[in-house]
Structures are given as C-alpha cells and as structure tokens.
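You will see two complexes here that share subunit A, one where it goes with subunit B and one where it goes with subunit C.
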Partner chain A sequence: MNNLQIKAGDNYLASINTLTKLFITLFFSIFIVFMKDEKALIFLFVASCLYVLPMKKFKAMLIGYAMILLMFISSIGFSYLLGLFAKRYGLKEDFVMLIPFLRVGFMINLTLALTLSSGIRKLINVLKTLRFPRTIFLPTIVIFRFLPSFINDVKQIHESIKIKIGSFNILTMISKPRLFIRLMIIPSVIRALKAAEDLSAAAELKGISGINKITNSNPEHWSLKDVLAFIILSTVVCFAIILNRGEI
Partner chain B sequence: MIEFKNIEYNYPFQKEKVIKNVSLEIKAGEVVLITGESGCGKSTLAKIANGLIPHYFKGNLEGEVKVCGNDNSDTTIAEISKNIGTLFQDPEQQFFCNDVYSELSFAHEVQGKNIDKIKTSVDKYSNLFEIEKILDSSIFSLSEGEKQKVALASILSLKPKCLVLDEPSANLSPEATEQLGKEILKLKEQGFAIMIVDHRLYWLAEIADKVLIMKDGEILKSGGFEILHNSQTRDDFGLRNSSVLVENKVNSSFVNGLEINNLTFAYKNKPAIFENYNINFQTGKIVALCGANGIGKTTLSRLITGLLSTQKGVFKLNGEIIKTKDLLKKTSLVLQNMDHQLYARTVADEVDGNFNLLKQLQLAEFAERHPQSLSGGQKQRLVIAAAIAKKSEIIILDEPTSGLDGKNMKIIGEVLHKEAKKNKIIIVITHDLEFINKCCDEQLTIKKRSIL
Partner chain C sequence: MQNKKFYWETRELVVIGTFAALIKIVSFLVAITGGGMNPIAMVAKNIVATALLIILVFNVRKFGVLSLYVLISGMISILTMGRGLMLLPGILIAGFFCDCLIKICGGYKSSFAVLAGVALFDICYRVISLSLGYLFMRENPQLLYFAFITVGIGYIGCLIGLFTGNIFTKELRHAGIIKE
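Moving on, here comes the complex of A and B:
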C-alpha cells in the first residue's frame, strides 16, 4: 500500500513551511466567497490543480472530483425536475450552477495539499503557535488527521468492491449511481463516522485536551520557497480579482 | 492501582446494562486476565478503566473507578492517561499521527517534554520492539502485527503505572506473542498493574495472576489460571483452550490446485518481497499461511486475488495458466477490516439469500438486519459467509479468527471444512495456533527467501 503522507524532499509542497500553506488555505477559504465570476473561479480552480498536482495524489483528487461531478449532475437533474413545475427554478442557461462546485473543487485541492504534505505534528505546532482557542484547535486537528484516514478507507472499500463484483471505475459510478451509492457511499459514510470517533478518542488518550505547552521537536524554517509561494499567491489573487471584475 | 467498585453501565439510549455489578482490584505487580464470549462486556471494562467511559462515551455509569488512587469521574482523560496506557483491539484506532516516528514522539511532545528526552525515548522503545526500520513508514503501510508493536511501544514509552491491553495477541505471530509475554513479565516485575482482555489464553499461563470469566456483563467465575484448564468451564463459557501445542502439519504432495511459479514482486521503490518463489495450494484442503509479522502474507493474498500485479510469475489453476485479471473472478478474499466489506441492505442480501449458510454461521436470526448493525464477531462471520456465497474456486481469509472466542472459532472451522470438501482451495492467513491445530489441513510458512 502506498504511503499517503508526502515527505520533505518528495516535492516542493512538503518543503514549504506549514504556516505558509495554512495561511494560503485560510486566506483562500475567505477569498473564494467573494469570487462570483465563472472565469475567475475556473482560473482559481486550475491554479489550485497546478498547486496540488506535483503531490501525485491523483486518485485522491479524482475521487474528490468524482464526488463533485456526481453532486453537480444531481443538481442539474433536480433543477430540470423543478423546472417542469416552476420555470423560474429550472435549469439556467449560464454557468451559475457551476459556481458552488468550482468553489468546492478549489477548496478540496487546497485542503489536500495542506493535509497530505504536512505531518500532523507540524500542523499542531502551527495551530498552537497561532494561539487558536481550544474549541477551534481540537476539531481542526481531528479534521486534518481525518482526511488521510478517510482516503485510506475509501481505497480499501474500492478494493473490497473489486473483490466482490470485479471492475468498478468512474464510468460505473456515473452510469449506475444507485449501485455507486450502495457500494461506495454507504460504507464510506459509516467508516467516516467510526474513524472520526476513533481519532477523537485517540486524541483524548494522547492528552491533547490537556495541552498547555507543546514541544516542537522538528522546527520549520522559512526559505526562498515560502517567499516564492507568497509572490505566486499575490499574482493569483490579483489576476482572479481582475477576472472577477470582468476587466478581461 | 486499578479498582472497580460495584460498576454498572449502559450505553446511551440502551436500557440493558452491559456491565452488571462488577467489582475488581488489580494491584501493583499483578496481571489480571479478563475473558469470556464475544460481546460479554470485556472491552467495555477496558474503556471504563481508561476513562473513555464516561468522559468520552456517555451513558449511565454507576459505582466507583479508581486508577492510582484517583477517582476517574473527577479526573480528566488527559490526567488519567498519564497513569494508564491502553492498547486497543484494533491498534489503528489509537494512532493519531501518520508516521511511526511521529506516533512514538507525539504524546511526549504534547506533555511538553525536552527534545533530547523525546529522542532518547523513541530510540529506546523502537529498539525494544524492533521497529527501528519502519520509523519513517506511514502507519497505513504497516502490517497488523507491526501496528500492534508500534502501539505498544508508544504506550510503554510514556511510562504509565497501569496498562490495559485489549486483545494484545490478536494479530501477533506466535514468536511475537512470546516476546510480548516476556515484556509483560518484565513490566509486572517493575510493578505495573496490568489488565489483559483476551480470547487467546495459552500465552498467559505463566503471566496471569488472576482470571475473571465474564458472561452477559457479569463476572461469573474467578480464580487462578488453573480454572481455565477445566474443559467443562471452557465449554460453558465458550472459551478457547488454555494450552496449545505447536504441531507440525505434514503437507501432502501437490496433485491439483493453485500453482504459482517464479513469483517475483516488489512494491515501488522497495526491496523485493518475493523473488522466484514457487508455491502450491492443494484443492480440497484448508492451508494455513503463516510467517512473521510484515513478511508478506497479505501481499501474497493480494497477488493471488489479482489486486496486485506480479513483476514475474505464472499462476496455474488446476493445470491451466490463468491471467492476473481473471484471478479476481475466481477468488474471494476476506480482509481484516469488516466495515469495508459490507454493503448490502440486509444480512440476507449480503449472502444472496443463502439462509443455509447463515444458519451454519448462526446468523439466520439477523437475516433482516442491516449488516453494519451487527457486533464485531457477527460481522466477522458475515464477511466469511459473503465470501463463501460468491462461490469462488479460491477463498482466502486474512486472520479470520482474530478476536474470536472458542465457540465462534469452532463454527468458522466447521464451515470452512465443508467448503474445502467441495473441491475448493481455502487459504487462511493466520497466527492462531489453536485454529491451525484444530481446523487446518496443511501449513505453509513464508520465510525471507523461501516458503516452507
């Protein structure tokens, strides 16, 4: 089985300071709310793909995109049905319906990049340095830790389905959504609930709720890569704003 | 050190008490074994001892629990955890970090210890459990046995005064179990109070000072280890044997079945696990596939199933060459994590309505229930039933009896024998000596350079 975590030296993302990556994720999670133009959102989505691609976690990305696609197709279906009864709620001709899904895709990319390229210890150190209140700090840590576990669970569920019914790919997911929900979604949801419970219990037993001072045994340093990351971030933000204002 | 006084407990939204009037005391330097049928409340007792009940899992807990003199109800889990270390039944449940080094150092960092002390501790305990070579590995890439070693090393490095071990031998090889036994004896001499919850009994004969046998949430019998030598007691409580002989199974000469020639396989950027191995599995036999933790047993099962592709090697089934992609159609594989393998709406749907099979595995009464609502032992039997229902020529089971009591182990053995008689190839990856002795016909042991 492949390692889920990217180690420093494996690619550029792992060697960027965790604080930089956390800042990028937090900044864009707010920034994206103000982006309403489809061109700006498509640009941001493509930029985030380029940001996350060097991690080579293609399967994790594809699973995320497949889920978005499934939700998008469902929303089109329901809008069409609504349109049969009330025209103003029906399918829109422009890209309005795509906007929330582009936002979700963008955030999936940023979250994958942050969680899979930074060890949990680094994330805890950064969150502790930023002095987040415990009510935000603890759930955030569990969420970050949850993602690799969940990806691992999805892989194993996919493997179990292959054993049971043979091939099961994206095409099957789209052509047989009911089968996809039963075979993939239900066990994934059940595993997600259990993983969340197990991780929270593990965190408690490790004494996380009683943290006062945490030792940083692997301190991170700033490098030119972080400066470069901030330059690229500023460029992307400027270009997205220009696109959003319809100036191009 | 660990004291329970008149403990009664029921989970939230459930009227029935899962623990009824339990009182026990584990003193410093004492090892107490708690055993009983699956679902009798053993693991719940472990959760009460480490404070997860009532601090994390709510419900109604009555009575008094003290660890090192402190009342658990007035102490936070973080404080309780400094005195008591817990090894879960599934070690993955207790990992919070993604790699082994981080897992070993994390709890020390959280306690704000000095960097040098943390490094010394990681070195010491990784050496002790022989996990130095996997310190950089992701926890998801470890074998179940390796996970158990990492979990134990992580707990012991925190130097608690008490230990709760829930099925500690479930995924360990006999050699690793023996090693674990020696470590527990050392800890006992150092004055640890140790609570062990286990179905496998033989390895605790020289270790346990007291045995408590539970049924339906109550302690019904207690005494020294000798009470487990009574076969009537074992039958009454569905327990496993108190002693196990290491038998050498004589393998019959290969006539017909699965033939694997020149098998060569390595994970990407890793050294080869198999290099020109030749392995045969005889039709109509239950073959135990053994070997040390992390040697490649599960990898071999994935190769046979076709989930992994070999770099080199030829598979022949009953004399005919079979392609990797066709292996998947002819094989059923029961993996260790049951939740990943259950998808149907009802238990009956999971086995395509084969009620006879459900009856054999004592699951018929749950036929209309959702598979995910079953207990651990019931799910374990159901995934085996589902694999059999697929009617494959090859059935591979990865540690099917880990965490199973004597009664359920016997049931699974009987069902597998019936399947083998239908000219099927049954491969059981197992460390369970009792299961090998009672239920397997042949035994193959994977070594570093060969298969014996």
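Moving on, here comes the complex of A and C:
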C-alpha cells in the first residue's frame, strides 16, 4: 500500500484540495455522457492524461490502459462476430468502438488521480466532514475501511482452498458447486458479518456513529492551486463543448 | 447525556456498508475466476450477488434497507467509475418501490415478501441499466439486442440466487450468525 501513497508536495495533484478533485471527478462523470464527438473526446482524454501524468504512477496508469486495450481488442473481435449476425438479420454492422472506450479511459484517468493522490485517509476525512447524513457517510466509510482487510481475508481463503483442493477454476465451480459455496462463499459471508460486528463496535467507540458532531483533525486548506484548477476546468469544458458542436 | 435514538442503528448501517463492498468484490472475483464474460460466469456471478443481497435483507429487517443499499452501492460506483451517477436516481426509485412491495406483501419477516421484493428489484435494475447502456452506446443501437440476451442470461442467475440466498439464510440462522 505504501507505493500508492504520495506525500503532499510531491506533485501539484497531491497539494490540491481533495474536495476539488472530488468535484472534478463527479462533474466530468456527468459531462462525459453528453460528449459524442470523437475530436472532443480525444481532447478530453489527452487533457485527463496531462492531469494524471505528474503523479508519476505510470504502473497503475499502464495497467488501466492495458485493461482498456484488452477490452478494445476483445470488443473488436466481438463486433466482427456481431457484424456477421447483423448482416444476417439486416442490422447496421458498422460498430463505433472508439468513442465508448475514450469515455472509459477518461474516467479511469480521473479516478486514478482522485484515489492515488488523496489516499483512503483523506477521502474518509472529507466524507466525514461533508455533513452527509449518518445513513450515508457511515456505510461509505465502512466500505473504505472494510476493503483492505477483506482483500487480506480473500487471500487467506484462496490459500486455504489451494491447500484443500489445489487450483481453483471455472471447471471446479461448475463440477463442484457445493464445494465452491462451502469453501469460498460461506467463509466470505461469515468473515464479512464478523467484520461488520467489529467495525460497528469500533465506530461507536471512536465516536463516528453519527451521535457526536465530527471535526476534521487534519483539515485541508483552500489555496490558489484550487482556484487555478477551477479556471482550467472551465476552459477545458468550454473547449470540449465547442469541439463537440463541431465549430472547430 | 442522553443518546439520540436513530431509525438506523450503527450496526445496521455498518452491515449495509460491509455487504455493499462484499457484493462488489465477490461478484468481481467470481467473474475473474470464471474467465470473464461467458454465460456460466455471468450466471454464477448473479447467483452470488443475489444470494448475498437476500442475506443482507434478512439480516437488516427494516423498511428502506434496499433503498439504502442501492444508494451506498451507487455512491461507490460514482467514485470509482462515474457511471453510477446516471443510474442512481432510477435504481433508487426501484429500490424504494421494492421496499414498499416487501412491506405490503407481509413485511421483512416473510420469506416470500423478501424474495418477491429482491426479484422485482433485480428486474428493475437490469431494465434501468440497459436503458443507460443504450445512452452510453447510442452510436451502436444494434448492440442493445445482444446486451438484452446477455442480461437475460444473467437474470437466470438472479432467480437461482434468490433460493440459494434463502437456504444460506436458514443455515446462518441455525448457526446463530443471523438473529431471528
């Protein structure tokens, strides 16, 4: 986990307020749906690459892009197969695959920038102090807290399966469904229920059960960089709208 | 100092958060183990997801549990992929209607009501997802026919998951992990 954390000051993204980054991600998640011009999407994708590049998390970026590329290649294969069916049923057979993938790539860049530059602790602190009702912020915090420990549990469950039956694949899942449920699903459920008990006790003891008002122990301050980020955001949005309308 | 009484207890909120994460991770793991997008892996993934949702509803027997689960799960999707924001209003309404259905059909203590509510929720979720999928892939509307078949196969898994979840819950009750 240590290599995922970036100290503030390492790059401009780490020094921008987490709320600003959260707003940028949420705003573009809606905005991107309305973009349908290839040029506008390529522009946004390049802008998002420039946004995430200074983090120097090239490995995470490459994994993300490799996944997109893999999806892109498989979708080209599937679109070829669908094209054969489409021809038979008289449907349109020219599939436009680049646009949906530019949308996904753009969102991956923004999500990487948010999660890798802020880290779990800052995100939790922001969620705690956003004045959400306790019915929303408590389960959301739990998810962030539960994930790392559950990933460890899954590793342990996987190891125990290896010891008991060797390798575990789709054939085992089909041929021995009861074994699959007994060895993988039930331990996960029991572990999750136990973790829920522990976490609820911890939440009440730490005073984050919503009864007391919470203050951020490590508040992030607004700076000129946040203002600059909003100005750049507005410029990018305007330019993308112009490109999308086909005015350039 | 007297503690304020809330409709949702801390334990219930934590269980909802935990299960929202669990459903996402376990479905992903099953899909990966199954080799990605193939009919068997899709059915298996939906069996597991629905079974876990049934356990969650039986564990937190309160009006609004489905709506709250949808809200939390949607928020996580928004933070990770952004797509959930468009999906959220629709499935939130669907969750609320299914909560009402459970309440009308006999409440959260009735197995039939819970199974009917979750079954309807799974249908609504898929219909809304397909509509949003159309919005995202509107350049290729013909893909929707194939998406419809894929979603249909996945729903078979949901139907099996309803009964699997019911059996799981009975076993967990016997073990004393889920309280009556």
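The criterion applied here is as follows: the second predicted complex is superposed on the first by the 153 of 248 C-alpha atoms of A that agree within 3 Å, B and C clash if a C-alpha of one lies under 4 Å from a C-alpha of the other, contacts with A are read in each partner's own complex, and residues count from 1 in each chain.
Here, a contact is a pair of C-beta atoms (placed from the backbone, for glycine too) under 8 Å apart; a residue touches a chain by one contact, two chains touch by 3 or more.
What you see is a predicted model, and the numbers here were worked out from it, not measured in a lab.
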Touched partner set for A:S29, first subunit B, second subunit C, both or neither: second
Partner chain in contact with A:K56 - subunit B first, subunit C second, else both or neither: neither
Partner chain(s) touched by A:S160 [first = subunit B, second = subunit C, both, neither]: first
Which superposed partner A:K176 touches (first subunit B, second subunit C, both, neither): neither
Subunit B versus subunit C as contact partner of A:R103, first or second or both or neither: second
Partner chain(s) touched by A:G207 [first = subunit B, second = subunit C, both, neither]: first
Touched partner set for A:R245, first subunit B, second subunit C, both or neither: neither
Partner chain(s) touched by A:A192 [first = subunit B, second = subunit C, both, neither]: second
Subunit A residues contacted in one complex by subunit B, in the other by subunit C: 186, 190, 199-200, 203-204, 209-211
Touching residues (chain side subunit A, partner subunit C) in the complex: 25-26, 28-30, 32-33, 36, 82, 85-86, 91-93, 95-97, 99-100, 103, 107, 110-111, 114, 134-136, 138-143, 146-147, 150-151, 154, 168-170, 173-174, 181, 185-186, 188-190, 192-193, 195-197, 199-200, 203-204, 209-211
Subunit B-touching residues of subunit A, taken from the complex the two chains share: 1-5, 7, 119-121, 145, 148, 152-153, 156-157, 159-164, 166, 182-183, 186-187, 190-191, 194, 198-217
Residues of subunit C that touch subunit A when the two form their complex: 3-4, 6, 8, 10-11, 13-22, 25-26, 29-30, 33-35, 40-41, 44, 48, 51-52, 55, 59, 68, 71-72, 75-76, 78-83, 85-86, 135-143, 145-146, 164, 168, 172, 177-178
List of subunit B residues in touch with subunit A within their complex: 50, 52, 55-56, 76-79, 81-82, 86, 92-99, 102, 105-115, 118-119, 136-138, 140-141, 268, 305, 307, 328-329, 331-333, 335, 337, 339-345, 372, 386, 390
